[in-house]
């Protein structure tokens, strides 16, 4: 039961480095952008205000393995799947594909948190509006 | 009556681009870092909580002219001066120097603002703790 | 004779700051992305290899005036126009629009340069493939 | 036989996000900055030109586990150790410490590569100047 979502993107010039390739930190931005676009496609948001508190999804871990470099203006896909839905956390897996070939593989775990008025952050149970949709596979997009 | 402050920095690898030079957007980060280090050197902060509101300093304008490129690991100075203190705004000017030569010149105007609990942003008079120090020239650092 | 190009974009979460608004440096990235998307729409590239040299377009100046903040996930347009085509440089003007209202206005001047094998950078005349298209107004996109 | 290196840093304002904490991607920049400062402390550089080729160290994998958030202006240490020196690769481990407490733990593997004039990238044996130093523990700095 994979939840799959596909986002298309290009390497921006500002994302390249002196070796002429996309700097590795930008892959983590690509992964986050795909997560957020996926949540938006469900009609939800990863940053919402509920009364005097904000609900957001900070990351507790993330990783990437890089197989091939990307260069300026390369078009690529970020293929995101929901790997696990816990009580308070969601784990995503992404494959970065260029011309149908995987160039990098990432994984991240985000935790549903309330940001309280005093600035403290507290993990909370995933709201039903998220849980009900994360546990039902949406139709794959563009693949 | 110039207020001068000098910050030393190196070009990080992640700040370079495919042309092998520091990407222009990072100069705006260098300018902001110098502004904040200057304010910190006065015993103040550009982001502080006062009761249920936050006082911060969003930018209303900024610009840079670039004369020479910087490359990975280049050491440079950011020489900041306070150009004008208005009722609610401060204008800074920076010169980026490498080996005693100016490689870029920037200017920015920031406005003292209260971020209210409802998310709105409202410009406010510069607090006395800032004004009294911004209008007295601190001793130049390292120059 | 304005050359206009319109790019749609959203504020990514990573582009926000502790005041809850898009950090000002990202507006310079939005401007650059629009410039590059415009050049790509002409069938050209701002970074190309010609024999043993690279032709690129470093910036000699850029500026922004900010009127209204943007927040996470805000959709906005970057409306780019070619303001001036010189012998070696192009000046662009952009308006950032949200819900039909201008929230920021920027300007940048880029210079056509050859990056030589020894690492030096030399300004060169704008290639005819660029000049002929920059001086003929393309049809506006989406406006 | 740990090789340890310690770098001090503060969270820059531009590194915060709308939740008021340092965005996770910046931890990867902190890790890279510490790696490069460590290599610089050995009298070497992670980006050098040798004849008509460039020797650099692209990353093949990296990861972070986040325990506690960092906020604007928080002072922290990046404690880097060399975990493994292979034929062509080096694996680093970093602990991000604030007030003596670990707030995040990262790991990265970089591979020594030649960037050839035709743009291709080829892994190569670690040069002796690097190997001889990476395999001898330097004195720990500041700890």
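Letters A, B, C and D mark the chains as written, and numbering starts fresh at 1 in each.
Note that in this section a residue touches a chain if its C-beta (ideal position, glycine included) is under 8 Å from a C-beta of that chain, and two chains touch if they have at least 3 such contacts.
The model shown is predicted, which means the values in this text are computed figures rather than measured ones.
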Identity of the chain that, by mean CA position, is farthest from chain A: B
Result of counting contacting C-beta pairs for A-B and B-C, higher pair: B-C
Whole-Å gap between the CA centroids of chain A and chain C: 27
Chain B-chain C separation of Cα centroids, rounded to whole Å: 24
Distance from chain B to chain A - Cα centre to Cα centre, in angstrom: 32
Multi-chain contact sites of chain D, meaning residues that touch two or more partners: 13-14, 18, 20, 25, 29, 32, 47, 72, 119
Chain B residues within the chain A interface of the complex: 13-14, 16-18, 20, 23, 25, 49, 52, 71-72, 117, 119
For the chain B and chain C complex, residues of the former touching the latter: 18-21, 24-25, 28-29, 32, 47, 54, 56, 58-66, 69, 115, 119, 121
In the complex with chain C, residue positions of chain A that touch it: 12-14, 29, 32-33, 36, 40, 45-47, 72-73
